[in-house]
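Everything below concerns the one structure shown next.
Note that the chains take the letters A, B, C, D, E and F in the order they are written out, and that residue 1 is the start of every chain.
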Amino acid sequence: MNDLMSQAVDLMIAGMGFVFAFLVVLVFATLLMSKLISRFAPPEPATPARTPRAKPKAPASVDPDTAEAIKKAIAQFRSRHKK
Amino acid sequence: MTLWTGSGLFNIEIGQVVMIAIGFLLLFLAIRKGFEPLLLVPIGFGGILANIPEAGLALSAAENAIHMAKPEVLAALASALDVSYQSGQVVTAEVMDAFKYAYKEASSAELAMANGLAQDFGYGNGMLYNFYTVVIGSTVGPLLIFMGVGAMTDFGPLLANPKTLLLGAAAQFGIFGTVLGAALLDWLGILDFTILEAAAIGIIGGADGPTSIYVSSVLAPHLIGAIAVSAYAYMALVPMIQPPIMKALTSPEERKIKMSQLRPVSKQEKIIFPLVVLIAVVLFLPDAAPLLGMFCFGNLMRECGVVERLSDTAQNALINIVTIFLGLSVGSKLMADKFLDPQTLGILGLGIVAFGVGTASGVLMAKLMNKLSKEQINPLIGSAGVSAVPMAARVSNKVGLEANPQNFLLMHAMGPNVAGVIGSAVAAGVMIKLLS
Amino acid sequence: MTLWTGSGLFNIEIGQVVMIAIGFLLLFLAIRKGFEPLLLVPIGFGGILANIPEAGLALSAAENAIHMAKPEVLAALASALDVSYQSGQVVTAEVMDAFKYAYKEASSAELAMANGLAQDFGYGNGMLYNFYTVVIGSTVGPLLIFMGVGAMTDFGPLLANPKTLLLGAAAQFGIFGTVLGAALLDWLGILDFTILEAAAIGIIGGADGPTSIYVSSVLAPHLIGAIAVSAYAYMALVPMIQPPIMKALTSPEERKIKMSQLRPVSKQEKIIFPLVVLIAVVLFLPDAAPLLGMFCFGNLMRECGVVERLSDTAQNALINIVTIFLGLSVGSKLMADKFLDPQTLGILGLGIVAFGVGTASGVLMAKLMNKLSKEQINPLIGSAGVSAVPMAARVSNKVGLEANPQNFLLMHAMGPNVAGVIGSAVAAGVMIKLLS
Amino acid sequence: MNDLMSQAVDLMIAGMGFVFAFLVVLVFATLLMSKLISRFAPPEPATPARTPRAKPKAPASVDPDTAEAIKKAIAQFRSRHKK
Amino acid sequence: MTLWTGSGLFNIEIGQVVMIAIGFLLLFLAIRKGFEPLLLVPIGFGGILANIPEAGLALSAAENAIHMAKPEVLAALASALDVSYQSGQVVTAEVMDAFKYAYKEASSAELAMANGLAQDFGYGNGMLYNFYTVVIGSTVGPLLIFMGVGAMTDFGPLLANPKTLLLGAAAQFGIFGTVLGAALLDWLGILDFTILEAAAIGIIGGADGPTSIYVSSVLAPHLIGAIAVSAYAYMALVPMIQPPIMKALTSPEERKIKMSQLRPVSKQEKIIFPLVVLIAVVLFLPDAAPLLGMFCFGNLMRECGVVERLSDTAQNALINIVTIFLGLSVGSKLMADKFLDPQTLGILGLGIVAFGVGTASGVLMAKLMNKLSKEQINPLIGSAGVSAVPMAARVSNKVGLEANPQNFLLMHAMGPNVAGVIGSAVAAGVMIKLLS
Amino acid sequence: MNDLMSQAVDLMIAGMGFVFAFLVVLVFATLLMSKLISRFAPPEPATPARTPRAKPKAPASVDPDTAEAIKKAIAQFRSRHKK
């Protein structure tokens, strides 16, 4: 077995060992986190204040007036449709 | 006359013809076959541009000056690069090789001087050379892509069933197994690799584009073209590579295992999870900090709910801009002298091995977990641990549906799927730590 | 072994632990309390990344090389940085300090050489170091944010009542009063400041993020972390800081003053106003040209009506991209050796003084103007002169409504609010002119 | 009073003086500008020609055909609604 | 005192006043007259910023240091730039000129050293200088605009009638005729031009903004301001420049020629066409590779249908960001000492000649083609060969409608219109090949 | 005729010659391409698989449910309109 081969084997042992160690730790940390949250945190957190400058990117492409009219039209259509 | 002697037709070399054909092949695969087009269209196009004869788009100013080989320019460069060449000496092939070799071996101070001199003589850096330096040379490109991927990733399924992280760990055997495979090829005398090259090739098994590009830019930049092409091509081929392996390693009964519905995951868990990952990185693997740090940052922006405009930009404008430049930059490394090499064939061959080994390891790990635990998981979701988000998860779902038309595995497979992204980033950190 | 000796847990220092905790605190304030999240999320996250032990994300290549302290690398750096160190000499704490000091004092030519050498030895610039250099070191980041803010600013209310510009002027007393406060602390022997540091701290009173970052990057880059955190935190606290001061300085009758409705402002006035500001900058204060120039450019793009696509990009994709990098870059300065210093406490203490003084000056100026003119203004809009757009204007409105539920001050307060942005940029220009 | 103190006082005097001077100038310049515009400029300027390449960013998410049909539907609905 | 002696009013020079007035004129033309506002708003504003006295926004650190003329700084720069100046020597006008001349002629190594020294003394690069270096000095800005234009271009009409490529070829006579015109002015002793300057001026006749900026940045960077302003201004004036020429060269009968409807073009043709152009570039003109390569890349992204998100970004966020910086960078070259020169008048005069000659050549070529072929084309579409997309095509349509209200030429004119873009890029490649 | 003049003439001859040569080649290449495509390629190519990460940028601003209701409303409106 040449030098590269032994380096590769060393790398595999260290690497897979570390990857498993890291992700096993993460499994337990995640379980712990979920447990702590479900115990201490309120189930539905208060919505934090939105930053004022973050105006919504995608403006409603239909103006509110029209939108309401459409809604009414649909409601009317549906009520008729049911009959 | 200058127009003719400077034309492509007059100067084109056979290697460039082949590389341009490969560029068109990549475009064909991307456009007609749908192979990861977001990356392979820019990579293929960049590969064609990099091989336009005499254009020098992928070369630095000094490399362009050396290529043009004007005696007075070479004389000036000779002093900067410490090559023995006197003004007026005949420019033979050996002289050219001496300059190219000296440039490759030059220190950063010598490079700065040589490129400055070349610019004084009117030569400039090629467009693609500049893109590569800024986007990949600085490592910023793959990291920003990773940030955007983080902002697109939903860890919900993983949080509902954290055990699936282990499947993402097992699938990284594809990475290290491939390193071993490269070492084996070297031992058998078939190909020559250094440990750095072997590690960079192994990362293909991570089945994650930005991680592959990041690692190979750090460990073996000269292989980045072949590695990136291999990684993206096999990611596109996941629906063909994985199913036979998955079926060979599982019984029909195993494939029919129904998994219980995932529990709902709270907003807080989603916000805090990227911070938990970050703490683990802080404590255990600083070398994974750039990759996983940016990934967690992107995911935190997504989940925290107060910076939608940043999250949206990270997922759209920014990642798209970086993707264009990253693809062209990777393409700039598709040059004949680096790509048309037996190593490339080895990389392509090892790449498919990497995907296969990763798939198999994930499935086998799932079977092992079923042995050790009462709560049964369908081993088909193990293959999703290789990453290749979200393709591998869809493959798990599809093979599962073939065995049992009522068995929807997609959400269950998303857990190991994103775990695989974390797993390969950890593996990348380990390799960088131990080797660089 | 390398994995363990190179891990965070093995190397972490108490300072780093504290700074990481501060990073999490900033994230908590931003996400749960809504403190200016667009900046504090990236700043907090960047602060954590910068303090990951051994990762060196906020250090240059040469700093990383010095930190690793390999004798042969130090020997090479010794010649570049003019430190007396011979290869093989034992690396003591004094030797390390000598290198760090030499790096800090090095000329730009020495820095270039040292970083080049470190790169030849395989060290690289940390990701955050690169971000800082490109985004803040070049000053381009804060200027682009200012351009975007200009493109989001409506000068209509100011144009309808230009007198309110004076309120924006008065509130800048917060800036210079704080400089005086810092000098006082220095005189009393409590803390040490230079005039540059005092001026950079004072700019917190401008209540304007990009202006604060710009000024401190020019005058006192080592304080940029503390100053930016202080500025953004107190901007978020404006609804708590201002009302008591406003109420203490005004009588209920004054708070009830109703202001006449603002006249409509024509399109032409809005187009020409940024050009008027620009002319004033040209004539009187060239040192404010970068800040106010970009601000006016953004506003002109907004108002001129013929480049909507550029205006839209300046307000969205571009400002978001820059915000991400700016925040991470500021976070990179949250390193223990610079932040865990009594000066930081001084900066946090002086910061709240700055906001208070600015608020008071604005209110008192309004009262003075009422003395001198028949047309009465509600002194509550004076406090909006500190900037903190649009939070301060909303506070004016809210306190006004408490006194008189029919009295809507929001639009009236927007005038001094944007005037405060101009005022702080002018103050910034004066300080840069006189001190740098 | 030490050196820093006197520098700070000087900075305050020069700074506040200049800030006020600058903004007072701006008050008068703005008033003058508004006066000149209201006197000389037409109250409603001709809309300048739009640049051809600046195609609208947010394409109508409803195609014109549909949009028109919707409009008619709404008009019809409204006319009925009034009755 | 520093405030007054450092103010603009104290230092302003007559040249700066004139240039600022020109900046306002450009803004007026862009905003009120609709002259190519996307470029002329940033160019005009950048021109004003560049001429703010004492701000030095368009100067490098060393130029700013030389302007401030502190003896100890000059002494340090003297050694870097090889100027004979001793510390303490009186700073006369000749000394200043010696420094400015030495800076202009300095090698890149000397420039790096001088700028490094200036930074050590606290001087910095101006904001616009940085923008110019990154966006135009590296040539990346015009290339990205070209990519975006490619992503906006529909080659359908051209593919339906490929013969119209010849009209785009003929119109390039405007470019080379203008070179001849510049040579004529030089021969007559009216103005002095070098062949590089003459060629850069000629490219105005290409009627294509990014091509003009790219070529002049390569061949004659000092003229880039005048050339870009001239190119964009005349593109806006196309509806006034072209119709008289078109009517003078055609009979009413010719103008009434009705063209048969264009055949539908398949998706595949649209996908493959940019690749065909790319192959032609590879084979025949490597020097056009940056421009045409990026153009074809943009168009391929548009047509291939699998990378919409990249195509969308190239057409929107990315091109807008680059346009902002490109405009400001071009504006930075509107400095008095370079712009207020008889050459500029020559450039403005030759520019309109260029457009006129190009228009005439296109129309005459169409008439010639009608002589040689049975299939008649309306010669009015020949004028669209100058580019100025899509303005020139609209002019063809409008003049056609005047002759025959049923004759819609718009789609027919789009063919030569985009052919003109390819034609000017080819001409640019030829000039760069032969001259640089 | 001075040196610049002769250079300019040379440039024009080489330049216009090359531009025409290049574009004439392109005319023939384009004609050949179109002929080959119409002969060999299927008239309507199979739509290539879309890349999974390329989620549509502009989300439908009207939710599918509403959209369908609108469609029905329109259909209904049209059917009435024809009468």
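The rule is simple: a contact is a pair of C-beta atoms (placed from the backbone, for glycine too) under 8 Å apart; a residue touches a chain by one contact, two chains touch by 3 or more.
Note that this is a predicted model, so its numbers are computed, not measured.
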| task | Taking all residue numbers used at the subunit B/subunit C interface, answer same if over half belong to both copies and different if under half do. | result | different
| Chain of greatest Cα-centre distance to subunit B | D
| field | Most distant chain from subunit F, judged by the mean position of its C-alpha atoms | value | C
| remark: For the pair subunit A and subunit B, the C-alpha centroid-to-centroid distance in angstrom is 25
| query | What whole-number Å value describes the gap between the mean CA coordinates of subunit D and subunit E? | reply | 31
| If you average the CA atoms of subunit A and of subunit F, how many Å lie between those two points? | 37
| task | Hunt down the residues of subunit A that sit against at least two other chains at once, touch-wise. | result | 14, 18, 45, 48, 50-51, 54, 57-58, 61-62, 70, 73
| note | Touching two or more other chains in subunit C are residues 3, 31, 34, 37-38, 284-285, 305-307, 309, 312, 316-317, 430, 434
| request: Give every residue of subunit C touching subunit D within the complex, in rising order. | output: 158-159, 162-163, 165-166, 168-170, 172-173, 175-177, 179-180, 182-184, 186-187, 193-195, 198-199, 266-269, 272-273, 276-277, 279-280, 284-285, 305-309, 312, 419, 422-423, 426-427, 430-431, 434-435
| field | Interface residues, subunit E side, partner subunit B - complex | value | 107-109, 112, 138-140, 143, 271, 275, 278, 281-287, 289-290, 293-294, 297, 300-301, 304-307, 309-310, 312-314, 317-318, 430, 433-434, 436
| task | Please give the residue numbers of subunit D that touch subunit C in the complex, ascending. | result | 1-2, 4-5, 7-9, 11-12, 14-16, 18-27, 29-31, 33-34, 37-38, 41, 43, 45, 47-48, 50-51, 54, 57
| field | Residue ranges of subunit C in contact with subunit B within the complex | value | 2-3, 6-9, 11-12, 20, 24, 27, 30-31, 34, 37-38, 41-42, 45, 48-49, 52-55, 57, 113, 116-117, 119-120, 122, 124-125, 127, 130, 316-317, 320-321, 323-324, 328
